[in-house]
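Naming follows writing order (A, B and C), and every chain is counted from residue 1.
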Amino acid sequence: MFGDYSIGDLGSIFVMQGFAGLILFSVYVLMALGLAIIFGQMGVINMAHGEFMILGAYVTWMTSNFFQAFLPSLFSGYFFVAMILAFFASGALGMLVEWALIRHLYKRPLDTLLATWGLSLILQQAYRSIFGAREVGVELPQWMLGSQKVTDSIEVPINGIFVMCLTLLITIAVAYVMYKSRWGRQVRAVVQNRIMAGAVGINTERVDCYTFGLGCGIAGIAGSAFTMIGSTGPTSGQLYIVDTFLVVVFGGAASLVGTIASAFSISQTQSTLEFFMSGSMAKVLTLLAVVGILMLRPQGLFALKVRK
Amino acid sequence: MSDDKKRGLDSPLRRKLLMGIAAIPAISMFGGPSFAAGPATSAVNTTGLAVTDTEVTVGILHSATGTMAISETGSIEAEKLAIAQINEAGGVLGRKIKIIQEDGASDWPTFAEKAKKLLVNDKVAAIMGCWTSASRKAVLPVMEQYNGMLYYPTFYEGLEQSKNVIYTGQEATQQILAGLNWIAKEKGAKSFFFVGSDYIWPRTSNKIARKHVENVLKGKVVGEEYYPLGNTQFNSVINKIKLTKPDVIFTDVVGGSNVAFYKQLKAAGIDLSKQALLTISVTEDEIDGIGGENIAGAYACMKYFQSLKNENNEKFVAAFHKMWGEKTVIGDVTQAAYLGPWLWKLTVEKAGSFDVDKIAAASPGIEFKGAPEGYVRIHENHHLWSKTRVGKAKLDGQFELIYETADLVEPDPFPKGYQ
Amino acid sequence: MNDNARFVNRKELMGILVLAVLLVVILPLSLDVFRLNLVAKYLTYAFVALGLVICWGFGGILSLGQGVFFGLGGYCMAMFLKLEASSPENTKIQSTPGIPDFMDWNQITSLPLFWKPFHSLTFTVIAIIVVPAFFAFIIGAAMFKRRVGGTYFAIITQAVAAILTILIVGQQGYTGGINGMTDLRTLKGWDIRPDHAKIVLYFFEVALLFGCIFIAQFIRRSKLGRILVAMREKEDRVRFSGYSVANFKIFAFCVAAMFAAIGGAMFALNVGFMSPSFVGIVPSIEMVIYTAVGGRLSILGAVYGTLLVNFAKTSLSESFPELWLFGLGGLFIAVVLAFPNGLAGIWGDYIQPRIDRLFASRKSGSDPKADSKNGKSFGPVADGAPAE
């Protein structure tokens, strides 16, 4: 299939394809980080993760409308405000959900799945009633559109770079919070041994609540960022949920490094395969490979060794 | 067909009807329904449908929930508008139309179940509904078994014809061929790249398009790609497009994927004012979600655009906005859904009966001059004669009409040489 | 204690009889054929729910991919029916008569090899049972031998459901794609569409359902069932006692898959088509919900749960088409939070004791204590959920 093209063409395509894989990687990491915290650290199967993302997207949409109407001069910078708002909106909703629903279910992890599935139905219908069944279009500031020419034939999309930087930033922030801050130590202590953590004076309930809120808040940021590349509608969140769970499980649930490694391998496999076959088959093969490897190595790529 | 025309002119009822249609907008301004006494119920309803002396029941069957609600909302709105207008204009055979709305919930078996409920329990005289091919395929055996009448609004892949369905949208050849001809002539296009969602409509449409490109236009298809429904990552296919440098990108991506595709296309630096892109899956409804700035410059091949300049359409758009809000946009399928109740009313009045068999028999040749898209007529094969139009997407989310076929295009659901 | 050794105790027999009266007498007499056909459709999901009681309730294995097996069974049945509906006479307008219409649309000119055996009904019936069981065996063997369980297993089965959906949709020339296989007409020349056929199919399905209930009951009462429960509670201790935990899990999973497949096949017969929308993640989770609403430990509860949720779904969506998701979502949350043992829990905790008391006060000669104890054991155990 490559006979007709020059070496230069092929070279730049491979560069761009590699870049496409990197964008996909960033998207996966961004999707999965929030879930890695909630599922990986707390063991809660949050099926409403996609809906928390879409909440972030709707917040972004509302912010952009607000800026267009009242602060048109600052429109080019609205996206940063929107992301912060999205974080707090999704995070607050997450904490509310944790308080009302999840905290009763920590001993029954499989039941969280059912409860959050019900929650996701309710949220979807709420979005539909509030924002309408149609998708909304989020208008982006001019500087975020288009692409940057690197050489004559190599162009990289600006929003791709933006997503990558954002992912890097958030990953570093999460890693810092989880592994360096006092609060992160408390979270990990609670994960490893709830009773002992309580015994040494950690307020486990508050830690749980904030952890869940943090995970949902990151989902909100992800949703906000995805308005650049995807759709915003009541059911858009469902598009992400399976991929997200697979990334987290494949990486090994309790490991942040694992999540990143698994996002990297899945995204590179998929984007490479996509280049050689149709998108549908690429997806099937990628999923099959992931499931196959999980059968051989059920604990995921990186497993945290703890005594149970 | 010419027979029908003659018959149509001979019939005094028909002439009265046409006058009636011309008067609709005027009546709708005054409101205040005035129902003339129609013919006796026993005469117009011999099969036990839900028709009383003052009312006739019609079903609306679309997804109000689930992934398809995004698309089907417009159709529900258009059908309700048409029925409200018909009622204001005196109803059908002196009877007011009562609506029973059911939710297909984006789930094909639910569609079949609800269609059966509408026909068996509610005994509706006709059903306006379905959107996706899958829902229609699920409903079709039910319609045939219980002898119902379905008015189906969406442009679709063809390969189907039923006594019990009137297809008010275009079938594939009607939608695609004229557009391809136009873009080949206008842009001198020789090479085409196809991108579609992975299901029957894009695959069949692309098959027809490929045959046309290769056999008639003597061009070349340099790529044909399919992605699962709901896919949100298109960077790989965009790279392939960059590699193959086609004259035209031909797309039939649907749903949420659509938004992702155009956003990423724009982000990858493909400028639609320089790169020709012809789509058969983007209407004004979709642009709402995609954002005008992401798709401006693309060409869409449809039979209706909200921006069409004609009297019917201006009234239709005004009435639609009055009923559903100023911001609501009207796409191709929404307009086709609007045709359903009207065509049914005209057919009932021509047949002088609500009986499904008589309506099926009377349908060919029915003309609707009040259609927003302009004059349409029902073909013997229960599809519509209609024009094919090409529009160019603008920043504000509307299309600018670029080209329309001079004559109505004949519907051909089983095209020879394209199978 | 003696009761446990028997296959069914008196209380359970009563429960089964009540259900039988409801399904065989009350519903057919009180509903018209259209509603009865809806009940038949709901009951096809009850098979899946029954299977889930065995593998999730007893065994603690939550599978979010039961739609896969429902779909496999349904597709096997649908392939047979589709072939019969695509006789050369029926399909003479096609460019290749005698093959299903969707193949003709996709330029397939001869019947694919894997379709050919489905000309035979015997083969089809065997395939409905064997194919899903085989798949379940492969998945189960790969996972349980490596001690994958709990949430991991749930998510992997979910991925399997996603894979199969994409495959079916993508290979539309062989599977009918997203439209599925529609317009199924006859079974060995017997038209499955008219009303009297629907009634016959309904009773056939109810008979099958009771067959499955008895199998489930048998598993529950046998040593096997007790090992499953023991495994759910403390897997390691069972393993140390010398049992092969993986084999028992695989067995439970396979039984659940077979039940689901029977449901799928009955679905294709009753509804007249099959589509990938039953294979995916959403229907699979909904099927788990039916079990949860009924009470995951209760065999009969699974049937009632399925009927209740589906009735609610149908009637809510008929009266409030735009709001029914709120109701459905609320129901799931309520079941999980307030009634973790579902309908069976409500019955066992609130209603049954009252009935017992009522009877006890009337005829004080009997031994109410023993009865109410049995009632408890039939209902769920107090702590409910499997600890993982």
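The criterion applied here is as follows: a residue touches a chain if its C-beta (ideal position, glycine included) is under 8 Å from a C-beta of that chain, and two chains touch if they have at least 3 such contacts.
This structure is a prediction, so every number in the text was calculated from the model and none was measured.
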| query | From chain C, which chain is the farthest off, judged by mean CA positions? | reply | B
| remark: The larger set of C-beta contacts, choosing between A-B and B-C, lies at A-B
| Intercentroid distance (Cα basis), chain C paired with chain A, Å | 34
| task | Express in whole angstrom the distance between the two chain centres, defined as the mean CA positions of chain B and chain C. | result | 39
| Quick one: chain A and chain B, Cα centre-to-centre, how many Å? | 37
| task | Would you pick out the residues of chain B that each touch at least 2 other chains? | result | 64-65, 198, 226, 228
| remark: Multi-partner residues in chain A (2 or more other chains touched) are 125, 128, 238, 278, 280, 283
| message | Where in chain C do residues touch at least two different other chains? | response | 166, 169-170, 322, 325
| said: Residue numbers of chain A touching chain B in their complex, please. | reply: 5, 9-10, 13, 16-17, 19-20, 23-24, 27, 125, 128, 132-140, 145-147, 149, 155, 157-160, 226, 228-236, 238-240, 270-271, 274-275, 278-280, 282-283
| query | Once bound in the complex, which stretches of chain B touch chain C? | reply | 64-65, 101-103, 105, 107-110, 112-113, 116-117, 120-121, 132-134, 137-138, 140-141, 145, 159, 198-200, 203-204, 207, 226, 228-229, 414, 419
| note | Listed in rising order, the residues of chain A that touch chain C in the complex are 39, 43, 45, 47, 101, 104-105, 107-111, 113-115, 117-122, 124-126, 128-129, 238, 241-242, 245-246, 249, 253, 278, 280-281, 283-284, 287-288, 290-291, 294-296, 298
| remark: Residue positions on chain C within touch of chain B in the complex are 32, 34, 37-38, 41, 93, 95, 102, 105-107, 166, 169-170, 172, 177-180, 182-183, 193, 271-273, 275, 277-278, 314, 317-318, 321-322, 324-325
| Of all residues in chain C, which touch chain A in the complex? | 62, 64, 142-143, 146-148, 150-152, 154-156, 158-160, 162-163, 166-167, 169-170, 281-282, 285, 288-289, 292, 322-323, 325-326, 328-333, 335-337, 340, 384-388
